[in-house]
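The structure appears right after this line, and notes come after that.
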Amino acid sequence: MQTRREMLAHSATVVGLLGAAGMLPAAAQAAWNEAAFSAKTLADVVKAMGGGAPAESKDVTVTGPDIAENGAVVPVGASSSAAGVKRLMLLVEKNPNALAASFDLTDKVEANVTTRVKMGQSSNVYAVAMMGDGKVMYAVKEIKVTLGGCGG
Amino acid sequence: MKIDKKLAGLACAAGAAVLLAGCATGPSANLDAEFKAMLQNSFSARGIAKMDRLDQDLGQAACSSAKQPPEAVLKQIEGEALASIKWPTGGQYFGDWTRADKLAQSGVGMAWNNPTTDPKTNGGQCYNCHQIDKKEISFGTIGPSLYNYGKLRGVKDVTDPKVAPIIQYTWGKLYNSKAYAGCSNMPRFGHAKILDEEQMRDLMSLLLDPRSPVNQ
Amino acid sequence: MKHPITLTALAALALTGATAAWAQKTASDGIAEYRELLADGNPAELFEVKGEELWKKARGPKNASLEKCDLGKGPGVVKGAWAELPRYFADTGRVQDLESRLLTCMETLQGFKAAEIAKLDFGKGEMANVTALSTWISGQSKGFGFNLPQNHALERKMYALGEKAFFYRGGPMDFSCASCHGEEGKRIRLQDLPVLYKNPGDGLGMAAWPAYRVSNGQMWGMQQRLSDCYRLQRFPNPDFASDVTIALQTYMGVNQKGAKIITPALKR
Amino acid sequence: MADPMRIRAQVAGDKATVRVLMSHEMETGQRKDSSGKAIPAWFIQEVTVAHNGAPVMTAQWGPSVSKNPFMQCAIKGAKAGDKVTVSWTDNKGDKRTDEATVS
């Protein structure tokens, strides 16, 4: 069993390796990207992440239900069939801050990630793929958030 | 029947001496007494929800089993409920449907964690059980759909004397639903002081005003 | 990569209008799809892990584990125990549900004060541990059918008292358990309501609790489920592990004989 | 200290599907407590996935990822018996690392 200190050391090594191998885009090597996580729109998020103008593309897929029974947990996913995707992002247009999660990929993982996000209300959800050359593609889907339970 | 007696017999055998008197009066009376004692021992007053909420009136007691009460009892409940209805002050049945959606959506109110029983802080609970505005897809089905409620009943002008009966019935149903169905599942919003007159007027407009989204 | 099927579908949408296509999918289909997407990866698993640890770990004033706790099938037998609870326990002379039985074991084996724990709010201190323990223990009955014993007179009496409680109307809204759980095919908002005076089917009703609630991110045991039902019935608060909560579980559990347990489940 | 993660890594063809559940409040910073005081933001900011010790993905998260987060990804070329390590760091500096074996 690992001790806590060993775990921390290990974790630091992992991040160090990522940086040294040059596998991370510039933004991720810095601390958490506060500008991107405070941006309100798709365009501003992408800009803060250092990407070019986003274009809708069939090569990106956003997954999620049409209706969410509860906005606190909405399963969403981003994937891309294009080669050389460096980063996948998930955005909720109508949340106070649009960006929910950003995944920096290496060629050792598939360009296909899933997580669960909070949605304050019905909204468009974007899956965004950033390529090595800064090209940005996205797909969008509307997810309806319903009220449920007795609400007492 | 046979099972009931056997059960009660064993319950008496297992029960404490104080219950023996109950056993003598018959199995169901004994179980009733044990049940009442269990409620008192199991619940505690918390916040606005005091122990008197366990006390039943005639209707609550009569409608507390899988079977409907006898016709005569139902008639008595309905009669008393009808007599309890307070008709709106000055005959003013209508308010503002634009304020009513919030009321219809909200399921808040009267629970132990709510700070007060003031109706102004309560919701109408409507969507929990009814379809109302077609745009709201998240609606319950314990009660009937109220979509097009006024339209289906031919209400084109709420001041038309011909529609007065449906207006009065709707007010009465909101105020004390048991006037029209003794064991109705619907709360008695006026009678139990869950909503006040102004809130009920707004809901009347939501249901009956030809301009309300409900009647589009 | 080309997507000929998607393109055809898009063309069709353009012709018929997107709204018409959407309308074919009902709200309940949408909710079913949502639940399907969440089925894999229930955060309740986090509580199961915690519960198993708590069961095996020496804790409390007596620094003992719960591994000798008798949940009704003999000391230490966890597998299938949840499917037969509540039941009569000779050592306490009471019919007990899982959570009240855990309190008994925590007191007798570990030296905790059961009455003190019972007074805590859900999610707080040792109460959160009781919930984690019941999450893991109930999970050890996954796939079992409910099979509550009714041999002891007190078990049968609890059933009869539970039936009365189920139909008992009161409070400012005149609600009983049966107001929401007494008719087939009903729902509140978009949530289907199981009919609980009979067997609602596999994985429904009691067979789905303890459950992780996505709406508030909390793990709820059966005691908290019933407590919140009574809150929404606008009743006073049922004490933790009180007889009314055990009577109701006996009534529902006996009625649901054979229903397959899917705990810990995922709920709205 | 944070509770352990639940990591499942299963071979599916020429890759392994990794599913992770983490125990975390993921507080948005936008909610108020019962006395009206704002509850401060508390959320996982960075997640790293490594395969046999070599990092394969790093994620940055905001507070709108759900409470008790779930994440799924797929590692190419991972085989049964391989190790998958997941680490997270939250905005208070708390960390957690757990490991699972691919099955």
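Which chain is which? They are A, B, C and D, in the order written, and residues in each are numbered from 1.
One rule holds in what follows: contacts are C-beta pairs under 8 Å (C-beta built on N, C-alpha and C of every residue); 3 or more make two chains touch, one makes a residue touch a chain.
Computed from a predicted model, the values in this text were never measured in an experiment.
Set against one another, A-C and B-C show the most C-beta pairs in contact at B-C.
For the pair chain A and chain C, the distance between C-alpha centroids works out to 34 Å. Look at where the CA atoms of chain C average out and do the same for chain D: the two points lie 27 Å apart.
One finds 47 Å separating the Cα centroids of chain B and chain D.
For chain A, residues touching at least two other chains, in rising order: 67, 72-75, 116, 144, 146-152. Across the assembly, chain C contributes residues 27, 188-190, 214, 217, 231-232, 234 that each touch 2 or more other chains. Contact with two or more other chains is made by residues 66-67, 70, 72 of chain D. Taken as a graph of touching chains, this assembly fits none of the simple shapes: it is neither a line, a ring, a star nor a complete graph. Touching pairs of chains, sorted by label, consist of A-B, A-C, A-D, B-C, C-D.
Chain A makes touch with chain C in their complex at residues 58-59, 63-70, 72-75, 81, 116, 144, 146-152. Within the complex formed with chain A, the residues of chain C that make contact are 1, 3, 6, 22, 25, 27, 30-31, 33-35, 37-38, 188-191, 214-217, 231-232, 234, 268.
Here chain C touches chain B in the complex through residues 27, 153-154, 156-157, 160-161, 164-165, 167-176, 178-180, 182-183, 185-190, 193, 197, 230-232, 234-239, 242-245, 247, going by the rule given at the top.
Here chain B touches chain A in the complex through residues 105-109, 111, 123, 125, 127-128, 137-138, going by the rule given at the top. Across the complex, chain A meets chain D through its residues 2, 4, 7-8, 10-11, 14-15, 17-18, 21, 23-24, 28, 32-33, 36-37, 72-75, 77, 92, 95-97, 99-110, 112-119.
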